[in-house]
Structures are given as C-alpha cells and as structure tokens.
Amino acid sequence: MSQSVTETNGGAVLSEGKKRTKPLSESKLKGAASSFLTPLIAFVAFFCLWEMIIRIFKIKMVILPAPSGIFTELLRNFSFYLPHIWTTFTEAISGFFIGALIALIAGILLSQSRLLERVLLPLAVLAHVTPIVAIAPLFIVWFGFGAFPKILLAAISTFFPMMINSIMGFRSIDENNYEYLQSLHASKFEIFIKLRLPNSLPYLFSAARTGMSMGVIGAIVGEMYGGSEGLGNVLTVAANYLQMERMFAAIMLLALIGILLTNAVKVVENRFLHWHSSSK
Amino acid sequence: ACGGGDTAQKSNAQPSTTSTSGTKDINWEERIAKNQSIGEIKTMTSFNYSANIANANAWVADELGYFKELGLNVKVMPGLSADAMKMLAVGQLQMAHAGTAGEIIQSVGNGAEIKGVLAMAPVGLIALMVLEDSGIKSVKDLEGKIIGYKGAMPANISAMLKKGGADLSKIRQVSVGFDPTILKTTEVSAITVFKSNEPYQMEKLGYKVRLLDPQDSGVQTSFGIVGANNEFAAKHPEAVEDYIRALLKAHEWIVQHPDETIKILDKRASGNFNTDIETNRLKVETSLIDPAKVPGKGLGWFSKEQWQSEIDILKDSGISIKPVTADQVANNSYVSKVYDGDKLIWPEQGTKK
Amino acid sequence: MSYINVENLSKRFVRRGQLTEALSEVNLEIEQGSFVSFIGPSGCGKSTLLRIIGGLMGAEEGGITVGSRSPSEMQSDKQFGFVPQSPALFPWRTVLQNMNIPFEVNRKSTTDLSDAKGDPIELLHSVGLGDFMHAYPKELSGGMKQRVGIARAFASGAPILLMDEPFSALDEITRELLMHQLMKIWEQHKKTVIFVTHNIQEAVYLSDKVVIMSSRPGRITSEVHIDLPRPRVESVIESPEFYNYVGQLRELLRERW
Amino acid sequence: MSQSVTETNGGAVLSEGKKRTKPLSESKLKGAASSFLTPLIAFVAFFCLWEMIIRIFKIKMVILPAPSGIFTELLRNFSFYLPHIWTTFTEAISGFFIGALIALIAGILLSQSRLLERVLLPLAVLAHVTPIVAIAPLFIVWFGFGAFPKILLAAISTFFPMMINSIMGFRSIDENNYEYLQSLHASKFEIFIKLRLPNSLPYLFSAARTGMSMGVIGAIVGEMYGGSEGLGNVLTVAANYLQMERMFAAIMLLALIGILLTNAVKVVENRFLHWHSSSK
Amino acid sequence: MSYINVENLSKRFVRRGQLTEALSEVNLEIEQGSFVSFIGPSGCGKSTLLRIIGGLMGAEEGGITVGSRSPSEMQSDKQFGFVPQSPALFPWRTVLQNMNIPFEVNRKSTTDLSDAKGDPIELLHSVGLGDFMHAYPKELSGGMKQRVGIARAFASGAPILLMDEPFSALDEITRELLMHQLMKIWEQHKKTVIFVTHNIQEAVYLSDKVVIMSSRPGRITSEVHIDLPRPRVESVIESPEFYNYVGQLRELLRERW
C-alpha cells in the first residue's frame, strides 16, 4: 500500500521528540550515502558490461576503447586533465547562470503576453535551432579565444529549455490563488513573485537539469572550435590523434561534470520543493 | 605592391639577380626600431599545436626568440584555419596560417581583404587514401564506390577525379569524421587525408594503404600557407617580410632539430599532443618541401601562375565563389625580399644578443 | 444612494456555444457598515456576484459602484478582504506565511488600515490553529484550511469583507466561535460584510439583511431585513422572532427554488 | 481588469446561439492569420536590422553575410535545397518520435521509483552530456551512412528534456485525485493513464518544444559527420568552402523547420490543453 | 463480530519533528448495511479515520478489518465508493467523463456490482446537473462540483460508501434532495454508509448510529444509536425524539470539544 503522506514508520515514533535529532541526522547520512552508492553501482555495472562486450567481441580500440583502458588513462594523466576540467566546469556553470537568468526574464515577458510570445518565440526557436556547432566558429571570430564565447555558447544552450519551461510554469497557476491575489490588487510583479515564480519551481528545476547538461555541451562545442583549453579541446585533439582512450576519458569527465551539476540541481530542488507532490 | 609573375620568371632564369640586392643593405637597427613601434602582431596557426610546417615554424620562432630578434612583438595563438581566415579578414589577426591556398582564395572570394604571402611548399598535401588490398589503383576504379571527405571535398581531389576521367555520377561522396579506419569498418572505399597524418596512423594500426595523389595527375596545389591582412601589410610591409623571415629562419632550425621541435610543441600544447604522430607529420612534410622547392628561389617562394592554377582548380570543381585574380589573392614580394638568391638574409649576430 | 449599488447587472458564461446566464438583471443596495447575507440554491450565481463586487470579474451589462467608485478602484485601494469558497492557500507557504500575504502586497495602499489590522499569530490562536502556525497547507484538515482563510481576512483589516461560505467545513462549535469573532470585528471596525451561506440560521443570526437568490438565470427574488436587536446574544436563537425569520426565509427559498 | 475565465464580450452574446458558427470560424481564420503574421513581422524586423548593421558597419561576407544575399542564394538555388530540407525534416521528426517514446517509457519507470531514478538517471545524464558531436562519427561507423544514425542522434537529443520533464510531470499530481483513484484500487497502470499522463501534458508539451528543436540539431550533427544529404551536410560543406551565404541559407532553413515543428507542437497543445490554466 | 471492526487504532503524523496525534486508540464497530455518521470538531481525525477504513492509509498501531478482511483487500475488491472532502474531479474531463471514472477502473473487480450501478446521465439529471454534463470542472460552482462527486459515488454501485462531508457546500433544499436520494439508494441496495458531517440534524436524520469524536488526540468519545423509525419521513424532524437526539448530540459535542 503506497503511502500518500509523510508518515512515521512504526516504532520509531514512540521515542521522545527531543531525542529525534540524532537518528534523523544519521538517516540523513545514510540517505546521502545511498544516493551516492546506488548510482555508483549502476555505473560499475554499466562499465563491467561494456568491458565484457569489448572482450567478448574483441572490439578494437579505435572503434570503442575498453573502460579499463579509459580509467587507466584517466588515472595516469589525471594532473593533465585537472585544469581542463576546471575550465569546462567554470564555463559551463557561468553559462548556465547567465542563460538561466536571461531565460527567466524572457519567460516573464513571454508569459505575460500572448502577443510577445508570438513575436519573440520564433526568434528564440531560430536561436536554438541554429546549430551551435555551426555558429561556434563565428563566435570565436567575434569574441576571441577567451572564456567569453564558450560561456556565451553555454548560455545559449541553457536558454531555450529554461525559457520554454518557465513560460509554462509561470502560466500553470492555481486560479483560486490567482484570484485571491487579485482581490488584494497585487501588482503583476507581486503576482509574479508571490505566485508565478514559486509555482513554476517544478518546471524550473526540471529545465535546470536539462539546461545544466546542455550548458556543458555548449561550453564543449565552444572549446572544440577555439582555444586550447577545456575538455572540448582535449576531446577534438584526441579524436584527431585517434587517441580513443583519451577521448573517452574526456567524455567520462564531461559526464561526471554533468552528473555533478544535475545532482546539485537536485539538492537545491529538494530544499525548495518539499511542499510539492513530486517530492514524495 | 605586387611581385608579379614576370619578375618571378626572370629571377627564375637568373638565379643571382640583383632584385634582392637592396635588402642586403637593410639598416637593421632602424628596422628593428620600426618593428618595435608597431606593437603586438597577432597570428594564429592553422591547426593548434600540430607540427604542420609553417605552424611549427611559428611556434619555434616564438620559442627561440626569432621574432624578438627582429623587433617583432608576435603573439602566436593556436587555432583552426577556418576561424583564422575570418579573424584575419576583420583585422583581429594581422597574420594567419592556412592549411591550403584554397582557403585564402575562398576567403578573398567572400570579400576578405587578405593575401597569401608565403607558401612553404608548392605541392599538395591532401590526397585520397585507399586500402592497399582494395584493388583501387586509379580514380576510375572509384566508380561505384564511396569516397569520404572531412567537412567538404577538397578541390584538388575533385580535380583529380575529373582529370582521371572518373564518372562522378557513379561516385558517392559522403562526409565522414576523423577516423580513417572507416575504410575498414564501413563501406567507404576512399577518404581524403593529409599525406603527413592518416597514412601513418593506419600504418601504426597495421593497415596497408595506398595514396591517390592529385599531384601525380598534375593537379598542383600547395600547403603551408601564411596569409596577411591587406591593411596591415600595406601599412607595415617590412613587418610582414620580417615575420616571414623569422618563420623561414625557424624552419632552418627545425630541419636540423626535429626532435627538439617536437618537444617544443609538446610543451606548448601542455601535453595535449601525440609525439609519434607529430614526429611523423613533421618528417613527412619537411621531406615533401625540399624536392618541391622552386629552383633558384628561396623556400616558401611562389609564383602567380601557381595561385592562378589553384583558382582554376577551385572553379573547375564547381565551388561557387566570386571571380578573383591571382593578384587579389597572393603577393610574393615579401618572401622575395627575405632572400639573397636562395640564402636567407638575417641580421649579423652583432646587432643582437 | 447607498454604499454598494448594483444596477441591472447581468453576467453570462459561454462554453462551446452553450450559454449559462449566471446573473440576470440583478439590482441591489448595501449600506455601509451593514452585514448582508446571500442565500440561494447551489449554482445560482452567489460566488459570481461576490467576484463582481470585489472587482475580480467584469459583467456584460449593468453597473456597479462601491462607495461611488468602481470595484476595481476600490480593489486598488485594498478595500476588500476576500475569503474564497475554496481556501486559497499557497502550498509553499506555512500557515503563518499564508497569513502574511495581505500585508506583503498591501504596501501601496493609500488607505491606512493599520488600526483595523489584526495580529496574525494571535488570530491563529483564536481560531484554534496556534499549534499549526508552521505547518504547510497539505498537513491541515479541510476545516483547518478554511479557518486559515478566515483568519487571514480578519488580519488584513480590509473594511469590506467578501466571504464565500466561510464556515461550510466547520463543526457547529467552531462555527459559533468564529461567528462571534466575526461579529466582534464587524462591530468594532464598522466593516461592511457580504456573506454567502447555505445556513439559514447563520444568515439570520448574523445579518442586517438577507438576500435570497434563485437560479437559471441567477437573480435576486427577495430581500429580508432582519430586525433583531444588536448586539445579538446567543439566546436570540430561541426567540420566536428568530424562528419566524428562519421560517420565512425557508419559505422564500423553497418557493422560487 | 484582467478576466479570469472565458467570457463573452459585450453584444456578441445577444445574437442567437445557432448563428454563432460563422463568426466563430471567421475569428478562427483571423487568429490563424495573426498567428502567422506577427512572427512574420518579427522576422522581417529582425532581418532588416541585420541588413542595416551589415551595411552601416560594412561587415564583410566572410564574417556575416547580409540577409539579402542569403535570401537571394536561397531563392536562386531553391531546388538544390529542397531534397536536403526533406531529408533533415524526416530524420528530425522520426528521431523526435522515437526519442519521445523512449523518454516517456523511461519517465514512467523513473517516476515510479526513487531507486530506479537514482540508478538510471546518472546514466541518462551520461548519455546526454556526451557531446553528440563526438559520438556522431562513431555512429557512422556502427550504423552506416543511411538515415538511421541521424535518426538515432535526433532521438538521443530529444530524449533527455522529454524524460526529465516527464518524470516531473508524472509526479506533479493532485493528491486528492490520486487518493480517489486509489480508493477505486486503480492499478499503477490505470493511475498512470488516467491521472499521471493527462496531468503531465503541460510538462510534456513544454519538453516537446525543446525536444523538437533538439531533434533537429541531432539530425544535423549526424549529417555533418556522415553522408551526403541533409541540411547539416550542406552546412559543413558550405562552411568549409567559406560559402557563407549558403551556410546561412541552410541555417535559415533549419530554423524554419524548427519553427514549423515547434508550432506544430503548439497546435496539438492547444487541442489537448484547453482545460489547463496555461491556456487562458 | 460486526462488519467493520476498528481496534485500538492510532495514527500519527510527524512534520519537522512535531508530532500530531491524529487518532488515538480508536475502537469502533459498524454493522453491515448500517448508516453511521461521524461528527466532531474540525481537525479531530474524521477524514483520517475514513481514509484508514478505505485502505488509503495505514496506521501505526491497532487493527482494522472490513468484512473480516483488510481494508486494502476490500479496496481491491472495489467495495468502496469514496466521496472525498474536496471533490476529486479531473480537470481534463467533462462532468460526464468524470462520472465514468469508476467504471473505467472497475474492470478487474471480482464482485459483480452491475445491479447496484447507476446510470451516470440519469444520476446527473437527478442531482440537477443535466445541463452541465459536458462542462469542465472549472466551469462549475463549488456546490456543483460537490454534487458530481456524490453522483459519481452513487453511480459506482460500491456497497460501502465513504462520504466525507458530502453536502457541506449545498443549500438546504438541494441537500434534502440528495439526502433522500442517498437514503433510497442505501435502502435499496443495503449499502453500508460511513458519513462525516458537521450538521447534527443531518446526522440524526440519516443515521442508525452517530459517532462523536473529540480532538487532540482524535478519539471517539461516545456513540449514540438513533432509534427513529425507518423509512424516515420528513415529518420526523418535527418529532420530539428527533429534537432530543439533536440536543443530546449537541451536549456531547460541547462537553468534550
């Protein structure tokens, strides 16, 4: 029988209220451990399968390297990867925040008016469908080799899913609550801050997870086409040298960054969305 | 300012012409002071830190201080030629390296005001690679097969196919990725490669390959190109000249010290580098350069005809660009001035160090 | 002219070609400081009328003034304390935080309501929710949610209270408690209260005037002035006058239902 | 005063119910026209601005071509583009549907169980963060030069935003409705079909808009690295030949496909989401 | 042993370290085919008890059987017709489509309910919603929504009705109408009805037994058997016995409130 509300489970309740602090924090630790452990197990299983396939079908490294080789490469040259990880990480995260901010602003504007939506949304689609792979070189030309064009690409990649979801989130409000605020003559701004924004959080957090990984991709693509830093650069160079293990090591690290960032979103989400039915 | 084909022909016939005699009397102190007053000159390589000739020259010249010796404050940046051409056109770069002359020509055809000022070798670097056991020996054998290209089919390959009398409608051309082993793993029978790279990679992996070289069917292109921004070149012709001078000086050193060169590049790339592949690249490219040198001319010199023929190759291969003339795309006057005969003019040791 | 004037008001809803006449030619006068109840069959347009008076909705025909101004002007002057039929609690706010909403959006009001404002915490205690101040709405029972909505309107200090079946989910005793509280606040601050209910006793006990509506189309069929002495004490319920009023209203309701 | 429900406006109501068919369909036509016209105006304005910037600052074609040139190229060689448009369009849309389907299935699984979510979500992030630019060449090796690898890439690109949003959508249910279904002992499947799925529609449609344009991008990237057809191929070849007008013509067409497809999503959304507060 | 047996049932909610004892040592017996009302202060645990009986929630302590089976077994046998306190209508379904939900998920039931099932369209007409069959929930008034919920439970044909304040948003006349309908269905199909209300008259009029609860912690304080003749006619309201019961209940409520 699935429970529909937070409940105590059996005996634990009988203990005194004041003594609850300790077991709670213990269970928190346990929860954190299991939330790290389970995906770890998944990954180990995934890589074992991969390794087995490589060995059984004797797949050549140029086609697909074995995880063992990839991890050996990673560990042996870890200090090589470190600055690149940092570069990509900072670019992705800065891009994400810039993109998210602009998306929120755009979301506010477009959710307020159907006309604005009709006018601006197609332009946003244009910006999103334009493959960043195609515009990355132009950005390098326009903005040089620094972090800026990469951050910009990360921001552009983040922007679209954030905006689309925020529009829907800002609009999906409870009519009763909206009417109540109206009865107080709340301004559009107040309605936004008090109702639309908190109400859209489930949408925004979903979009943030997508946006985070898309921000990473945006940053990588920027690095592929300009400059000599970042995992994107490591990736292309390795690909050109057919250093498949290094290439996949870079991909692993990218995935790690992506998982880290999406998990960070999750942590913030748990903090802010406890009231929502999705957090059961 | 244009070197012009006529002068080239003449000097060809008469190796020790006086046309460069003036340069012998360069007042180096004045020149260096003038160069120093220009400020930073930005340049970009055509393929990051790889040991392409011309690129390697720039990195080594920087490392060994050749630019400084001539009073040039050069900032060498790793990059890709497609970006570099654009940045050169807008003046974000003053100098830039291109993989092939075609890139300069196409940029000019698209309104870029830039010119080629150095061509390390008047010989094509791009060829078609097939597996040795594929039975493909001539372009005619490619009919009914698939050719893979990276990004776009190079004009010299298209020209070779045409010249060899292959029926293009019977050849499928597809874009492929970086991996040359697709010759083995997919139905692609031939791919465009750099002579200095993929054949070696394939050899290392144990595959025997054969190259169909456009050069062999008389399709003459060039590689190791350096371009300059027109405005910059007009304002500071000596700086362009001295940039070339430093590159060529570096080249002399590279030929003597291939291993050290690779080390320098490896260091610059901070490990994002493959020593084997780059050593091979350097070896192959330097070996291609020497026999292709224009007789009696210094290394890197080129003729107007050479560029005209590259323009024609592009046109013939059906790549639509706005019509350009050889004078619009290249100027050999700078490279002409760095040589006394075929000897590089370099300031006496006394002026520096 | 009285405080609230409704003239010939008609309101229609259209859905996929089908027309619902929610209100038809409604005429109404409400004195300032009076307590007026609305009673009528389910779906007759009580909530709709309340919304229109509160400036939450426009009407197709007819005019309405509140204090010689339009409802939306009055609304912009933060004159309305609204208790919606379904308690409008924000799920991401605790009970206390929900209580604070009117204060948070009331900043731009020109009218000074500070006298009339109540203390949220005190009010929560007085409606029996002192222990649930920091609970979230989903942790409350139906009646508890409703009480938060009422307490919130009390706290806001608005001079006109629009209450849509505020006590429907409460037990008799809690209801009495809140009724007394409402009466006290109303008398103290001379509020105008517009009160929708299905409970005839409640209407008689509280009101100066009871307005009876009928449905399809929603219209006002009669008004009954309740001339019972103020302040009303509990014993009034047992008086024959009270009993008469209840009977009369029941009759009127039944007649035109 | 903003209206909170659908209302008739003034006099129109007084006419007879039966006569309403005509004015309704007329207003529909008008709505359709204006929903085409407004974005058109936006685009025209955008391109005019672009053209002006090019002319005023004398920007060279290698950097950024003028819209006039791009449209001239487009019109002159339209028959050249036609088959490529078709290829990309079909790949993108097939990829979208496959990706969306898998995402829904994954969303169902992951929304049912926190454990499964913890196990599989990181793997999904891995798949999403892995830049398709890097794996596209591998796909060509594995799956050849046909439409399949492109459809696969489009599907992968579509997958992630669809899955993330569907998880959140499937979970964001009304407790009362959930409890009511439970009281009928509805199976998990029935609860899904009757409650979770319709309830998640606002999330799914938002994701579909993001997913549609990402599907287009996935298809393009596939075409860039394998094959000889599609706008992605046109794009890389043009980029490599520095044929900027052709390159941007391809981008325009991509944007057009993207806008068309996201608008198609909108049409379906309007059909299915009329009950939702976002459709006011 | 009776049909529904609740023994020593306790239920607690914990939120951020704070404990709410929703139910504490509740003991209860309900006969098959009887009509039992629950009455008690707001927040005393009536809805919670209903949920536990309906198998929607577990309890920490104590046992509960329905027809000698566990609530969840009974639930899986589609024995419950649930009318939640807030009408659980699906916003994307029309009124009629909402009525059909029980039929759509009832396919796997082993018990044959076909006799007891009602015709949705007929039932909608009988609760006065014939014209709103194809309307969406957001187009309904509060009382109309509630009526859909009631009609839906009637239609389902389930032998045990769990009704949580079903008439709270209805006017007296509509309420009477529905009460009669409920009585009719109950008598005809020998249903067991568990009915939560705040209206004492309603409880007396309908029930065989009225259970009175008090709050904090929620517990049963007394049970009153209503020995009024069946079928109950309207005039019973005016009988002194009825009046007595109402007074007694009011006393009991007030005592332990």
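Note that the chains are named A, B, C, D and E in the order they appear, and that numbering of residues resets to 1 at the start of each chain.
The rule we apply is simple: a residue touches a chain if its C-beta (ideal position, glycine included) is under 8 Å from a C-beta of that chain, and two chains touch if they have at least 3 such contacts.
In this text, all values refer to a predicted model and were calculated from it rather than measured experimentally.
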{"item": "Subunit D and subunit B - chains in contact with each", "value": "A"}
{"item": "Longest centre-to-centre distance from subunit C, chain (CA-based)", "value": "B"}
{"item": "From subunit E, the most remote chain by mean C-alpha position", "value": "B"}
{"item": "Subunit A and subunit B, separation of their C-alpha mean positions in angstrom", "value": "42"}
{"item": "Inter-chain centre distance, subunit C versus subunit E - centres from mean C-alpha coordinates, in Å", "value": "28"}
{"item": "Chain centre separation in whole Å, for subunit C relative to subunit A (CA means)", "value": "47"}
{"item": "Of all residues in subunit E, the ones touching two or more other chains", "value": "13, 15, 18, 55-56, 86, 136, 138-139"}
{"item": "Per-residue multi-chain contacts in subunit D, two or more chains", "value": "4-5, 63, 137-138, 141, 174-175, 179, 182, 224, 239, 276"}
{"item": "For subunit B, residues that touch 2 or more chains besides their own", "value": "82, 86, 90, 177-179, 181, 185"}
{"item": "Subunit A residues touching subunit B - in the complex, by the definition given at the top", "value": "60, 62-63, 77, 80, 83, 137-138, 140-141, 144-145, 225-228, 233-234, 237-243"}
{"item": "Subunit E to subunit D touching residues, read off their complex", "value": "51, 54-56, 75-78, 80, 82, 84, 86, 88-92, 101-102, 104-106, 108, 136, 138-139, 156, 162"}
{"item": "Parts of subunit E lying in touch with subunit C, wherever the complex brings them together", "value": "13, 15-16, 18, 20, 39-43, 47, 85-86, 128, 131, 134-136, 139-144, 146-147, 164-165, 168-175, 198, 200, 250, 253-254, 257"}
{"item": "Contact footprint of subunit E on subunit D as seen in their complex", "value": "5, 174, 176-177, 179-187, 190, 194-195, 198-199, 201, 275-276"}
{"item": "Residue numbers on subunit B that touch subunit A, as the complex places them", "value": "48-49, 77-80, 82-83, 86-87, 90, 92, 177-181, 185, 201, 205, 269-274, 277"}
